[in-house]
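Which chain is which? They are A, B, C and D, in the order written, and residues in each are numbered from 1.
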Amino acid sequence: MKKLINDVANVVKEQLEGMALAHPELTVRYKPTFLCRADAPIKGKVALVSGGGSGHEPMHGGFVGQGMLDGACPGEVFTSPTPDQMVACAKAVDGGAGVLFLVKNYTGDVMNFEMAAELVAADGIKVQNILIDDDVAVKDSLWTAGRRGVGTTVLAEKIVGAAAEAGYDLDRCADLCRKVNQYGRSFGVALTSCTVPAAGKPTFDLGETEVEMGIGIHGEPGTHRSPIAPVDVLARYAAEQIIDDPAYTRTVREWDGAGWADKVLTDEPFARGDQVIAFVNSMGGTPVAELYAVYRTLAAVCEEKGLTIVRNLIGPYITSLDMQGFSITLLKVDPEILKFWDAPVKTPGLVR
Amino acid sequence: MHKSQILDWLRRLDQVYTEKKDYLTDLDAAIGDADHGINMTRGFAKVMEKLPEVADKDIATILKTVGMTLMSSVGGASGPLYGTFWLKGGLAVDGKEALSAEDFLRMIEAGVDGIRQRGRPEPGDKTMYDLWAPVVAALKTRAGNGDDVAALVAAILPVAAKALADTIPLQARKGRASYLGERSIGHQDPGATSSYYMLETLNEALA
Amino acid sequence: MKKLINDVANVVKEQLEGMALAHPELTVRYKPTFLCRADAPIKGKVALVSGGGSGHEPMHGGFVGQGMLDGACPGEVFTSPTPDQMVACAKAVDGGAGVLFLVKNYTGDVMNFEMAAELVAADGIKVQNILIDDDVAVKDSLWTAGRRGVGTTVLAEKIVGAAAEAGYDLDRCADLCRKVNQYGRSFGVALTSCTVPAAGKPTFDLGETEVEMGIGIHGEPGTHRSPIAPVDVLARYAAEQIIDDPAYTRTVREWDGAGWADKVLTDEPFARGDQVIAFVNSMGGTPVAELYAVYRTLAAVCEEKGLTIVRNLIGPYITSLDMQGFSITLLKVDPEILKFWDAPVKTPGLVR
Amino acid sequence: MHKSQILDWLRRLDQVYTEKKDYLTDLDAAIGDADHGINMTRGFAKVMEKLPEVADKDIATILKTVGMTLMSSVGGASGPLYGTFWLKGGLAVDGKEALSAEDFLRMIEAGVDGIRQRGRPEPGDKTMYDLWAPVVAALKTRAGNGDDVAALVAAILPVAAKALADTIPLQARKGRASYLGERSIGHQDPGATSSYYMLETLNEALA
């Protein structure tokens, strides 16, 4: 394993120290660990908080700033953070209008954020949790823990962050976030495994001529392996998995102010005529030039399928350490989503 | 069951997780993300740090401290699940300096109920709940017999061992392992295994 | 070799097609190949044009846009573009105030841009060429082709681009660009080789426990190999190579309106009390999180040496295909440089 | 030297570069960036495409077209150097349909002067100039002898061969190879090699 690290035990902490040094507009706290806007709390504004295992940078810490997240809770590499981090972060950023937890659908993240929501609510802070579960590689919500939260997370943080900045209250932020999640779908392809620092060796072995299809963001195996193919083939496969994905129904648990309420949500499939944001993401080790080849194919497939790409985002935004590969996210937009997508944002990882 | 036995139990548990760290991690490597042993040892190392501060408090305080500590140091799925287990268990035996068989049953039932509420496992999902559900059932059956806690635990240990083995043929439907679909069949669940150690070490502490 | 490409013969072209699709604010032309702002030429504004081999993305094409480059000429991977590209690009972007060629000091780039300057001047367009030669790994300008142009290129494109936007005339743009080059120094470290698509295999073999120190941006061997070391050691070495670098004197050739004039330039070393922009760059395959560990060490070394970091840039901006590794650039600033660094910029690769 | 021989020369040169593509690239891999063979074949493939358009024009136009084509298709260091060589060579023999020995000398001298102005090589820098400088000197010495171009070229070919071999022990001070410092010693310069093929194929075309 070759990485720009010192002791594997301190990887996350030292990277956060670097962030704190580089970005005085952020505050980084340890014990418990979280990041927040240095100008938090912002009175009267809904505070948006996310978090999850580290190793996906710039997500989430790099998205803290004006027009996006108020705070982020980084766990160890690929390990969910703990409720005490989330509670401390929520308290630091709540400006009286409540806190929205934006949670990727992994069992660990979900349960830790649920505990945090209960504790934050018990402290008299308004709180809401919204799940992101957009990975179409997972077909089934009855036999699995449901779709994983992947690329749509980045788009949701941007869009809901802008809405909060524009004065949306907690309920409207939650509704918008839920809608963005329901409008977004993703699919990922790995060319190489990542290497978790603590493990010191690649998570899985992938032959020189193989790719792993339908991956998540933790180096977990995907749905299947394929022989390496031209980017046209790989990008088309990913795009079609997303665009041809049928309606998806599952039950989510949301905090309703007093307790947990189950909601049955159905994501409708894409339809001809839809306008979309196209997000082509690097898994970390793939350089941006190659992403443009993916985008080229994606644009052609969208055109065939009658989808109009109205905005795009291309680069490494939700990564899996040093993994080579890409993911595609398509997000259907309406005027509300588009307005907030276009709003200004100033964070280390995304600026507009 | 005296407070000193609870403290002994926790120390033994810390030791076992340290000894079985690689084993638990290997089980998790097969169907999860290869961190369960790391998670449990990190959590119990913290518990051992905190224990001196509360060792002279009542049992409920000790158990709740274990829960809070696990919750804030383990992360992942097992952190909130075990955190809730010890926290709810502690809340069920408020103010006690020793536990009767009935207290013990109430504590375990409350703890397992916490796991159920938190993780929403169904029987057969291939989780730690598949260890605890038969154990609670067996405890309930025997609790009225007049056994003390030591006898009770010794009696249900074989039930737990069987339940643990029974996770092997299951297909996971919760947690990371669920994404493997049929490939999760044939492996023993890591969380059920770390739960089994809780009963095994308790049996030793009470012997 | 695993890459997101189709036929190796079309790699650059297809990536450019992707860029054109993704960024309607850019115009991409083929035969000869160049990119320019869709709103070019801008009447009365000096036009800034750069170019070089492909494989360093987002540089240069990704830096075309408001407040940075007016045009860019991409060559084949790691191969200088040709004068006809530069001439066509210069003609497309000249708004009457002249064209500044910003050229990285590689023999091929230098000579091709020199020919282009002669041809553009012959067409009656005012033209200037300024070299970037900032790589302190090259010690000697008498026995070599001189220092290579690396990280300072990105900073110069940003700063001079802002000055041109602000109305600087061609001479002032050229003077500012020369100053930025003389104030900037860089050093690079590779953890892995890159793989040129046409070659299909890594350019050099680097053992599992080795790193290559003092690399350029074309996968060329560096000054020496070292055993892999903690990031503290690697980043400190790079930082000290830069900060302790003595005065550097060489002769450059600049177009003086009628012909070529030799200029002897001496870059002064950094001094205690200097204010600097710190740029930590990924070579392409190193994820941004690791760069923050580099930055952490760099900040400590700068503090020791009495340099104050007043701004920073952290990410993959001048890459070497999929190479893992990093480079550090320090640029001494004065109020003029800082003002233009802080000015707005809207390009695919850099936004502020 | 007739125009048809010039066209023959260029065709042979295209063939040789294709045959020697890997060899030139290997030479460049040792001390450069492994593309010299690729660059030269790309350039001459374009020259072959363009040639029919100008084949019936005068020699100067043909030579200038070769120069312009190389300049816009080769890139790298050798593109502008060879581009200039053919361009300046063409300009030196404006309007000619055939070349005398004097014309030929003037053409080569002007071309090499172009290389010198463009690349600023010094003798001993380990570049293509280290091939051309002794060749021009030898040509000048013999040009007054009354030899025709064929005899002239045949006579200086051994000079070129020696100059080529003489690049091996040199340490590069220009171009990419210069960054290797002493490690550039012991390798034959790729650009000098592709230049040698120009004289070798010319000799064949005139034979």
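The working rule: a residue touches a chain if its C-beta (ideal position, glycine included) is under 8 Å from a C-beta of that chain, and two chains touch if they have at least 3 such contacts.
Small disclaimer: the values here were computed from a predicted structure and weren't measured.
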item: Path length in steps (a step moves to a chain that is touched) from chain A to chain D; value: 2
item: Intercentroid distance (Cα basis), chain C paired with chain B, Å; value: 58
item: Centre-to-centre distance between chain C and chain A (centres being mean Cα positions), rounded to whole Å; value: 32
item: Per-residue multi-chain contacts in chain D, two or more chains; value: none
item: Chain C, residues touching no fewer than two other chains; value: none
item: Arrangement of touching chains [line / ring / star / complete / other]; value: line
item: Chain pairs that touch, as defined at the top of this document; value: A-B, A-C, C-D
item: Residues of chain C touching chain D in the complex; value: 32, 53, 75-76, 78-85, 106-108, 111-112, 114-115, 138, 142-145, 148, 198-199, 203, 216, 218-221
item: Chain C residues within the chain A interface of the complex; value: 2-7, 11, 14-19, 21-22, 54-55, 57-58, 62, 191-192, 208, 211, 228, 230-232, 234-235, 284-296, 299, 312, 314, 316, 319, 321-322, 324, 326, 348-349, 351-352
item: In the complex, chain B residues that touch chain A; value: 33-35, 38-39, 71-77, 79-81, 83-84, 118-119, 171, 173-176, 178-181
